[in-house]
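What follows is a set of structures to go through.
Below are two complexes that have subunit A in common, paired first with subunit B and then with subunit C.
Take a look at the complex of A and B:
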């Protein structure tokens, strides 16, 4: 579904932030991208989406080189959904308009049906449909952004830290929802995350970036079990099942 | 009093047409396009030329508006999209330079002498004691209608929703499948059409000269800034405020206030009045009269 091939990329005249990245993701799997702040996770996701044009290498979707295809065309032609890390809602528009914008190219009947489904799924939004998105809390915006991306039934979903700013309970709900979407629709999901333990818990495979390169890649379960990985990147032991507080270094 | 309201409206609608265009385009590409006022003159001169070529004024006006819309899009693609890559300050200076080029073209093609549309002269109509000519009435009606149509587009159509989405967050807009470049150029087209309509409206009610656009520059900017740059309907209200200030200065007899029978302020002070107003309002409300969004901290 997605194939990133030796991609190098950066901003303006700046240095290469991504220095030859290889990554694949197929339908029905969640691939998570982990790594310290500033290592290039968001840049990689923006590269896949098309906001950042690769300087070398290629991004393929459904077997076609899409490195130079504008974002809005990928959204339509490859049914791509994208949730950015910040500024992820249209703050001057209502919650309902935010979500419906995501379904502009669907037939009206389907759009309304999907909208109703999402409202049932996310009651926190349902009660605020006519509110301006600027009046939502950080977590509610996160959910709103997810709903906007999901309403079009994407085939490819790119999520930049979907759990950022969510309470632990809400975070589990969102991850559960993402896993459920994968199982039900066979969507291809690429998810950048900071909450590594939780992300590895739902993901099928993972890539750990370091300084613009893939440092570790493998099955999520294997990474969780790997003591070296745990020590270097996950900051110690996984949270105990009773849910006692954990202070993880990133 | 009714005459005052009528005079304000006559002045405000054309001002509003140009200011709304300025503000809407600003909301999308984040620089105020000075050349927009010259699109108004272009529209008026084109309409005049087409009328002289034998077309009825209405047809000439429609054709002129469409042509100016196209010119606006071409200039946006050829000039401003490139300049914007270097930053909005560069683009604004570029639009100023382009305005000078327009002025030169107007002087060469139309000459320095003021012109008028060929219109039948009818006795003015009376409306609740206020005087206005038929042409003024029709022109105000058409301009007001155009503003109404634009407001409908903005708030009731998919294009309008895409416009507001792009203005709020263009990165997210493209991630939502909106072709932001197409949206921008559509709005640029509409801004050209509205500016041309405003220029034609102004010329129908008075004379048309190569200076028409530049004379409008300050009041149009004042209206757009008062309304909060980027807020289209705010610009319309800003236009009414500026028109009221100007009309106050030029039309109101201040004589009784000072124990004299007649005391008018020279018309040249009209612009000064609108600017004084602008400065005072901005000192109190720095983001214009209407802040469209609550600033989050």
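Take a look at the complex of A and C:
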């Protein structure tokens, strides 16, 4: 579904933030991108989305090179949904209007049908349809931004730190919603996250970036269980002497 | 006094057009254009160059609009590579470069002396009918511009503009083509400003580079901010208020017994002080923007 091939990218005349990244993501799986601050996680997601144009390499969606395709065309022509990290709702609009913004390319009948389905799936939003988005809690806003991305029935969903600024309870709710979307729709979900433990808990595969390169990649469950990974990237105890990484170090 | 009031009303209408034009850009689209005066200048020089080449007013307005659209396209092109704040500085720089060009390319623009003798639009009518007809034309233009802006900003296009202003990245991720939106907005705004410039040139009968100084841009900014950014009526009210205040500065000067050179300083103080006061104590302006509302379409 998504294939990132030796992508280099940066901002303005600055150095390459991404230095030859390879990544793949298929339908029906959640791929999470982890790593310390400044390692290039969000830049990689913006490259895939089309906000940042790669300086080298290629981004492919369903086998087609979309490196130079801007974000608005990917949304319309490649059925991509993108949820930014912060400022992901229009606070002056109502919940209903926020959601319907995501469906403006759909015929009215399909739009109404999708909207009704979403209201059934997210009762917490259904009860607040006419409220301004500014009146929602952080978790509800995140669910709202997910619902808005889902209304157009995308094939690919890109999430930039969906748990940013949420309480542990809300974070759990949001990750549960993301896992449910994967299981129900078979969508390809790529998610950048800071909360590595929780992200690995719902993801199928993970890429850990360090200084613009993929340092580690593998199955999420393996990474979560590995003592070296826990020590280096998840803030856990140092591994025992015999602890050898079970994942593929790149 | 009657003709003086007509003059002030004409100027208020022309600045009202400029204010609507800027409001569409900054109030709705979040496009911080510090080069607004040059779009007006395209209209004035369009009329003047057409006149100096013995072409009629129709050629003048067409030329003015073409100049303005070309400058707007250049502004829009700059916006693809620059962030909002840097873009604002770039528009100011472009406006200054074009003003200096107008000041130096005497073969085309008359240089620092400008181009004078541009005929009045209703010059063959006796006074005060001529100025009254000009005022009527200005009022029609202002109403038409207000209607156009109102139609645009209450449509899906207007919603897109507001989304671009509030959360550009989010708007792009919803499939809005921000580059196209910016270009379209600048084009519409350029046509309004050029129309104002064209009528101004045929009313004042003189066009020169001194009419394009950056303080004029900031005067238009003051009108939008004081009237109410994001509200068309507010932009018009701001323009009328500022123009009438400006007009009565000389009377205040006389009443206070101040020398004549204080008039310009008092007007500048009015702009700066008014801007500062509204930015500090009433950021929404006299007639605030209507927030929220149902989505159209």
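By our rule, the second predicted complex is superposed on the first by the 235 of 250 C-alpha atoms of A that agree within 3 Å, B and C clash if a C-alpha of one lies under 4 Å from a C-alpha of the other, contacts with A are read in each partner's own complex, and residues count from 1 in each chain.
One rule holds in what follows: a residue touches a chain if its C-beta (ideal position, glycine included) is under 8 Å from a C-beta of that chain, and two chains touch if they have at least 3 such contacts.
Not measured: the values here are computed from a predicted model.
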| item | value |
| --- | --- |
| Joint occupancy of subunit A by subunit B and subunit C, clash or fit | clash |
| Subunit B versus subunit C as contact partner of A:75, first or second or both or neither | both |
| Which of subunit B and subunit C A:101 touches, first, second, both or neither | both |
| Partner chain(s) touched by A:214 [first = subunit B, second = subunit C, both, neither] | neither |
| Contacts of A:202 with subunit B and subunit C, given as first, second, both or neither | neither |
| Partner chain in contact with A:31 - subunit B first, subunit C second, else both or neither | neither |
| Intersection of the subunit A residues that touch subunit B with those that touch subunit C | 49, 51, 70-73, 75-76, 82, 84, 87-90, 92-93, 97, 101-102, 104-105, 132, 148 |
| Subunit B partner contacts - residues on subunit A that touch it in the complex | 49, 51, 70-73, 75-76, 82, 84, 87-93, 97, 101-102, 104-105, 132, 134-135, 148, 152 |
| List of subunit C residues in touch with subunit A within their complex | 156, 163, 166-167, 169-170, 172-178, 291-292, 294-295, 297 |
| Interfacial residue positions of subunit B with respect to subunit A in the complex | 158, 161-162, 164-165, 167-169, 171-180, 292-294, 296 |
| Subunit A residues within the subunit C interface of the complex | 49, 51, 70-73, 75-76, 81-84, 87-90, 92-94, 97, 100-102, 104-105, 132, 148 |
